[in-house]
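Heads up, the next two complexes both have chain A, just with different partners, chain B and then chain C.
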Partner chain A sequence: MANPEQTLDEILNLSATHFKVPREKLRPDDDFFKTLHIDSLQALDLLTKLENHFGIELPDYELQGVSDFRTLAGRIQSRL
Partner chain B sequence: MNSFQGDTLSWELRDGVVELALHRDACNEIGSSTLEELEEFATAIERVENDAHALLIYSTLKCGFCAGADLRELYRRSNEMERGVAVEGVREFLERIHRVLNIIDSAPLTTIAAVHGVTFGGGFELALVCDLIIADKTARFCFPELRLGLIPGFGGIPRLKRDMGNAVVRDLLLTGRSFNASKAQSTGLVSQVVGEGEALRIARATASQLRKFDRATAAAAKKFIKPIPYEDLRREIDLFCELFVQPAVQNGLRKFVESTEAQPYLP
Partner chain C sequence: MLDLDRYGCLGAALRDALQKWPNELCLIESDRDKEKTRLTYSDFKDIATPVARAIEDAEFKPGDRGAIIMSNQSKWLISAYAIFYCGGVLVPLDYKLSADEHLQLLAHSKSSLLVVEFHLWRAITKSPEFKNKKFKTVLVTEAPPDTDLAGAIRWEEFRRKGEPLFAPRQLEDPACIVYSSGTGGRPKGCVLTHANYLEQCKSLTALFPFKPGIRYLSILPTNHAIDFMVGFIGPFVCGACVVHLRTLRPEFVRDGFVRYRINYASLVPLVVKNLERGMKAKFDALPKIKLWILKSLIAANKVLTRRRPHVEWSRKLLPQVHRAFGDRLLALFTGGAFMEASTLQFFYDLGLPIANGYGLTEAGTALTLNDFKPFRADTVGKPLPGVELRILSPDDEGVGEVAARSKTVMSHYLDDPELTAETIVDGWLLTGDFGRFGDSGHLHLFGRKKNMIVTEGGKNIYPEDVESVFDSLVLKEYCVFAANYIWPTKTRGQEILILVLRLDTNQKFSDELKEQLIACNRNLPDFKRVKGYIVWDEDFPRTASMKIKRQDLAEQIGKKLDRASAGLEI
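So, the complex of A and B:
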């Protein structure tokens, strides 16, 4: 099982690839809506990618109030 | 006429397959303009069904199949009128959309929803009237109505009850969470999960396969195994209209419509 830092790194890599944003521009405490320039529909798209990548289910309500990569990684880590 | 090009949707009958393409910006939200064109489509389907063996429904928009009812139109119209009049307007809308969806649900064709991306609320209900759902791996299914103080109103609950175990129905309705395509397939909701962008191609291949079968037999088998839950559908309309007058609904709609946050589609 990946450790939290690995999980966070995978999320940043996947987000950069999917939304075509340079990886070096993404930092763990960034607001992913702003940094990735996405709305909530695109956030759901990211959620699908993350679920498929990590092989987990992450109910939408787990994203309540979550807007930074580090907190998102914590939510995902708890499902691994 | 074997084809139609509208503002919100288009359809064409070709080689025994009717293809209905949804294309209303931003994400095929179902309001009065879509309803009018769906009603015309339902009339056309009854006219061409003897020349077809399959119906495919899909979206040409990147965001997904359909994000559900046009909440902005619903909010605007219900705010323009006195509460009682607004509820009657809602009831009329629901009865009209139910008529359309019941026609598609019972059509003597094999119906296939080829979905991708957001398949929420009324969009999910449109997919549910089809015999088969083929989802690409980006598809997400959700009934978010509880977030607005409502229940699904386009027939989603009776059709979910028809097709799925009650525990799954409760999970979808009472948590308002979305299922990805794999989860939806594991519950039996989705027939096939395919690669991104492949749902329409595979739906067409499936429809082509169906050409080999005797149409009357296929239609009879479908009628036998797929009852239309008319009584529950009527009760759903009644319950929706009762709930619509609650203050929570107007508050929920206002919050969605007026939000400038990035999260209106998230809980």
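So, the complex of A and C:
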């Protein structure tokens, strides 16, 4: 099982690739809506990509109120 | 459909619908690609009747209030039916609010019954305000086994045998209390009567008739006025079928259209734009020759549908586009000043009729809707049957505040006669929106006069509701405004909130303060966040009781600063 830091790193890598943003511009505490220039539906799209990558299922409500990569990583880590 | 003129309340109409079409499909619930529920009207009755009987046994009396906090699913409609059957007043709450906000609205509405999803109930029980709860009965759905439910009952086990007594209500009795905003200082609970809903249902189904076999895709939250009407009451009284999706993920929404061969759906601008973006990306990826053919077919379709939609012909001309929507789509509904005409035109040109409308919770569901006679991308349509609109104090171009008079306008704001008197004047609802009528009787919307914004996701945000999140900032004073309130633009879009800061004497606006401001802002859900700030150099005007005179402050700022230079981006 990946440790929390690895999970966070993989999320940042995947987000950078999926939304074509340089990886070095993404930091763990960034607001991903702002850094990735995405709306809430695109955030749900990202969630699907992350589910496929980590092999887990996250209900939509797990994203409710979450806007930074670190918290998102925490939610994913708890289901790994 | 049922003859709604014969009914005095929603409960009676819904009860008769279940009897009239026992073998028709009424409800499908799908979670991602898994179908969870498929009910005929008869199945629905078999499940809902024991729930109504149990609610009756729980000493829930006619006129009592029952709240629902759930995402779209069959249990939402079954619970609502049971509450109406027992003569209750339904309080549909937005499941995306915080636990504190839920508790505040539950207290404000004096709900004695609550039906809630497990994960939301868990959050509510952890709130410090939970100890002050007043509700008697709580039904929790899909709770894991062996979990402490803090006094709640499992919805799935809440059943009683026997026939519940139907409790009829009068037309002017409250049917629902619908909150048009979050919470903050002043919850706005719109009290809508049975007459409001029955009238709205008649006028909408006159334009877009439902019937058995018709399927409506429900992805707007059912607590929202539009989905409550078009995704529950409307289809049910016509014997049609509602399809619930429990996720908003774009891929499953697209899949839902195809799998369930959807005829109608209501979409917020955000979803419409997402669909447009996805389709345009697919078109752009086509080889040049295919793209040329597609564009030629779209041009032919435009000519064909110039006067009115011809979906059968459009399906033949552009089969792949229509197959991507299930090949049965008759119309999409969307609303608000946010919709760009180019987006609406994009769908219409593909032979996918999209009806733009306008409404507000205070007016039931909708005041205007495009009727496709012919299609107009630049307006929100004509007033619905039974709706009178007028423009107050129009300027030289005919633009002024839109006022509405209709049997669908709410009775009042719950426990707030002062706000009711400010909002409904001489029988006219003051919408706070700027508009003008075109020559053909279509309403053009231009912007908002009220201190509020409506997001692309269809949410009303009142600045007062988000202010407390900045309490920890060390400042002399601050205030949040809708930018359009300070600078009434009479142009569409650009709806943002801005924070106005007043620093202490000798205090500088430091990077540290800005970081703190950003951190506070991040505590808000993304759609409620402040987008800019102003450092204001005068004390805020206040009343004798030290409340900020918001209107005066907005006018002062508007006179001294222009919008383009004032709002510094956060």
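One rule holds in what follows: the second predicted complex is superposed on the first by the 80 of 80 C-alpha atoms of A that agree within 3 Å, B and C clash if a C-alpha of one lies under 4 Å from a C-alpha of the other, contacts with A are read in each partner's own complex, and residues count from 1 in each chain.
Throughout what follows, a contact is a pair of C-beta atoms (placed from the backbone, for glycine too) under 8 Å apart; a residue touches a chain by one contact, two chains touch by 3 or more.
The model shown is predicted, which means the values in this text are computed figures rather than measured ones.
Partners chain B and chain C, brought together by superposition on chain A, clash. Looking at the shared chain after the overlay, A:F33 reaches both chain B and chain C. When the two complexes are overlaid on their common chain A, residue A:Q6 makes contact with neither chain B nor chain C.
Of the two partner chains, chain B is the only one touched by A:N52; chain C is not. Contacts of A:D68 after superposition: chain C is touched, whereas chain B is not reached. Residue contacts after overlaying the shared chain place A:D60 against chain B and chain C alike. By the touch criterion defined above, A:L41 reaches both chain B and chain C. For chain C, the stretch among 25-33, 493-501, 511-519 or 547-555 that collides with chain B in the superposed model is 25-33. Within chain A, the residues touching chain B in one complex and chain C in the other are 33, 39-41, 44-45, 47-48, 59-61, 64, 67.
Interface residues of chain C, counted against chain A in their complex, comprise 71, 96, 98, 119, 246-251, 270-271, 274, 456-457, 522, 525-527. Contact residues of chain A toward chain C in the complex are 31, 33, 39-42, 44-45, 47-48, 59-61, 64-65, 67-68. The touching residues of chain B, counted against chain A in their complex, run 27, 63-64, 67, 117-118, 137-140, 142, 175-178, 180-183, 262-267.
Within the complex formed with chain B, the chain A residues making contact are 33, 38-41, 43-45, 47-48, 51-52, 57, 59-61, 63-64, 67.
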